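Two complexes are shown next, each including chain A; its partner changes from chain B in the first to chain C in the second.
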Partner chain A sequence: MNSPFSLYVARESGLHHLHPLTKLTLTFGLLIAALALPWIWATYILTALVIVPLSVWGHIARPLLRAIWTTVMPFAISVFLIQGLLWGSGTELFRLGPVSLKQEGFVFATASTGRILMIFGAFLLFAMATRPDTLMIALKQIGFPGGLAYIIVTTIQIVPRFQAKANTILDAQRSRGLETEGNILVRARALLPLVMPLVLGSLVDVEERAIAVEARAFNSKRRETSLVEITDSQTQQIARWLMMGLTVGILIARVIWR
Partner chain B sequence: MNNIINSIKKEFTTTTLVLIPVAIAINIAIGELVVRLNLPVYLDSIGTILVGVLAGPWAGLVTGALANIIWGLIRPSSAPFFYVAAVIGLMAGLAGRWGAFNRESPRWLSVLIGAVFFFSLAMFILAFINLQVVDGFPVFPSMAGLLRQYALVFIAALIIGGAIGYFLLQNGAYAGSAGLITGVVAAIISAPTVAIVFGGVTGSGTDLLVAAFRASGANILASALAQGAVSDPFDKMLSFMVVWIILRSLPARFKAR
Partner chain C sequence: MALIELSNVTYTYPAAKFPALQNLNLQVNEGELVALVGANGAGKSTLCYTLAGFVPHFYRGELKGTVAVAGVDTHTTPLSELVLTVGLVFQNPFSQISGSKFTVYEEIAFGLENIGLPREEMKARVEKAMTLTGIVDLAGRSPYALSGGQQQRVALASILAMAPKVLVLDEPTSQLDPIGTREVFQVIKTLSQQGVTIIMAEHKIEWIATFADRVVALAGGEIILQGKPEEVLASPLLPEHGIGISRYTSVARLAAQESLWPAGRRLPVTLTEALDGFANT
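Moving on to the complex of A and B:
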């Protein structure tokens, strides 16, 4: 069985049982805060005081921290090497041969890494604690177009099958003698024999699929019922409004003090 | 106004809605194949371009945006660029309406486009590398000076570009040049996000280019732009070419839907 295309980690926790929109509002607020707060340590502190405790509550601290580590590290290394060492002019902190660490570059790299850390952290927390299908149901309930919800849920379901199909095609073409290793020209030449079967095969399926969904009342204007129940509470509704207010507040403050 | 809304609605038939998830899956599957083949390109918008051409610019726009947001579920770094992917889908759709994907171009045009593109790319990179900062303001070297100083580089660029045009673009110069233009636009509009959200780096191999541009004194936004301008147009040109080849092998009945 293919692994599903999502980072969702199934756990029984308060965080997982929150209404998807509550988590979505929180994530959105954190993203705005990461981009709008001017103080460079704010992103680190918010990550440590909001994202990490929430992940502990959701029993996903370990996978979350691992995912943050692997996604943030490449950026952090690049940004410190490039912006820290190659900053045009500024106060020199220390010098090592031809390169020197500049204070301005170091501050910039620290701020950028914090921003990336908090954005990825918020996003990963949301993705790990929210089932995509419940999110879509919740969005549909507040008037999100059904067609978009269909696209997103279907994509998440079919991507693993496409990845498997791509692997099958790769193996099949290799067994017919297609060279997929060697110099760049050899590898580039392997591209079309792999891409064509994948794309043509799937496009031909599209027509059949369209007939299939139309036969299952895809275009019906009636209100649909759902298999999955989502629980909401008054506390959460109030919390959502508060978070939205806070987010707007941060944005307004940012516009005024700049 | 109503006309516009109606024309948008007309693009989103059941077939389009079913096609979009398949296209996004194609983006992801091919994007990963390319990584496994260890090729220095992305090719992660082939599905988006296909939808733009087959279903229309608005459908392409939606596909691009959703593709990056959904991909963001497992690779968060792609989500902030959803608007870039949306523009790529939109432009592919416009190019499709204009007929870039069903006209065959003469081969001399392919040679010309390849040569002009490589010439401009060489000019662009050399201008950045020879950039001088005077009193905090960047001063670009004069084109004539560059031409004289690097005459051999430019001649090589013209020859390589012409050869690439002849052998790679072949009869698809219209699709290829639409891809080049799309790539230039993508590079320009993605640079601010790279600079503001990611501190000017991409966390991948093209950061070597960022380093080179930063070392020559270009500022963060300019370096991000230069990095994109080197990698995006070529990548989008290849993607458009692949779609052009795919469309030639599709049965006419499918294209009619």
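Moving on to the complex of A and C:
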């Protein structure tokens, strides 16, 4: 079952049944690799060899690739335009009138896009294949404070909720005659009446949600239990240690050969 | 014996110049359904939060006097323990969802996990609460994929599962459509009939008139009137303090001016009373 306010995509797959911490360790490792690996194509290769096959295994390849396409493409286009065409000095690849494409700018844009692609890919893979509540249970089981685990889990889900709220405000302001389409000046003018209610409304929501969870003994000193059982295995525990070791190895290598 | 006892309660919010509640005294008996009425800013919500211990534990500020619920002093008892005695449901159904659970069933169990109940007891309590609130068929749905009325019943069930001795409802239907309002009021009526002690702040006078045991009218943080619904809700004091009255009372008041309402007869607050009165005109 999918939730309209969560990125989670319900599927019966091996990826979905993995322990949340196994997926979290993998995601963390991929994020570190995306930032630390110095080779320009490493992020693209890892995305193709790790993230895409895992999404196929989890039956979430289609929504994952769609989400990557809509989030990474605008960034990629803008970074290629800015860095590729406006790079100060360097080797010119080709020239079109007053604009020239510099090799250094092109390399930088390719590397940046690769990093964003892998970071988004890893995050989306994790969010689409992991139920937020099981993650919260898993984090608490390894000694995370309940409050911190709750913040992590609700933050993962905040994007779609924020999006839904923003759309409601957008519709409400449009129905009252606010122009939201047109040139950049019109759009900039429309920003304040959209952002202010979104921010203020979210602050009120935070207070109300704090009361709601307090009313359900959120800060109780009693030892918590959980309704949902999550299963782990020795193989997964070993895999987690290996991934953590590999991540630390990447970081150390990066520091030594920087 | 009173289950709830407020003595000389005065409360001022942090940085506020004037108290939100002033020298308030109130007793509520076990099994009673008490409705709080008042204009906006009269102190209804503050009173609800005071009964549930959120004043002063959450909102801070200065609380004078004593508030005791089922023998528990709300001032000295930690909020996380107090919620086992007093349950609070408030206006916005959406923001009462924890945001960390995936199904309605799990959402209702959220509080039970926090107090460390064994899994089997948790399941029994969740199922009982769902039956009471009529949401058994929603068990596997996402709490976010429900109507406002359904979400509010989930919020009610989440609190009921904690088995509090007192239920405090702060305008539970104010953000709901008529269907959602009816759904929630029917649950409240069932709970009241089963002997649950309920304090409810509410603007919907017609609903209050039909099943509240007692009505307490507030203005400026003080109790201006309390008694049986038919006595309080027909009082001319209510409109004077900006408190809404039943549409049946309004019609009968206009009729009385035209001598179309039986002389000396109390103004009606329910449809039945209005029909009976007009039949005898």
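Going forward, the second predicted complex is superposed on the first by the 183 of 258 C-alpha atoms of A that agree within 3 Å, B and C clash if a C-alpha of one lies under 4 Å from a C-alpha of the other, contacts with A are read in each partner's own complex, and residues count from 1 in each chain.
Following the convention adopted for this analysis, a residue touches a chain if its C-beta (ideal position, glycine included) is under 8 Å from a C-beta of that chain, and two chains touch if they have at least 3 such contacts.
Bear in mind that the values here come from a model prediction, so they are computed numbers and not experimental data.
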After the superposition on A, what does A:136 contact: first (chain B), second (chain C), both or neither?
second
Mind working out whether A:223 is in touch with chain B, chain C, both or neither, as first, second, both or neither?
second
Report for A:185: first if it touches chain B alone, second if chain C alone, otherwise both or neither.
neither
So in the superposed three-chain picture, is A:154 touching just chain B, just chain C, both, or none of them (first/second/both/neither)?
both
So, A:113: does it touch chain B (first), chain C (second), both, or neither?
first
Per-residue touch tally on chain A - higher for chain B or for chain C:
B
Pick one for A:205: touches chain B only (first), chain C only (second), both, or neither.
both
Contact-wise, after the overlay, does A:213 reach chain B, chain C, both or neither (first, second, both, neither)?
both
Identify the partner contact of A:256: answer first if only chain B is touched, second if only chain C is, both if each is, neither if none is.
neither
Overlap of chain B and chain C contacts on chain A, residues 5-6, 132, 150, 154, 161, 204-205, 209-210, 213-214, 218-219
Where on chain A does chain B make contact in their complex?
5-7, 35, 71, 74-75, 78-79, 81-83, 86-88, 108-109, 111-113, 115-116, 119-120, 123-124, 127, 132, 147-148, 150-152, 154-156, 158-159, 161-163, 165-166, 170, 180, 184, 187-188, 190-192, 194-196, 198-200, 202-207, 209-210, 213-214, 218-219
Residue ranges of chain C in contact with chain A within the complex:
52, 54, 58, 78-81, 83-84, 87-90, 92, 95-103, 105-106, 109-119, 122-123, 126, 140-142, 144-145, 155, 158-159, 162
Quick one: in the complex, what on chain A touches chain C?
1-6, 8, 131-133, 136, 146, 150, 153-154, 157, 161, 204-205, 208-228
Chain B contacts chain A in the complex at 12, 14-15, 17-22, 24-26, 28-30, 32-34, 36-40, 43, 46-47, 50, 62, 66, 70, 72-77, 79-80, 133, 196-204, 207, 210-211, 214-215, 217, 219-220, 242, 245-246, 249-250, 254, 257
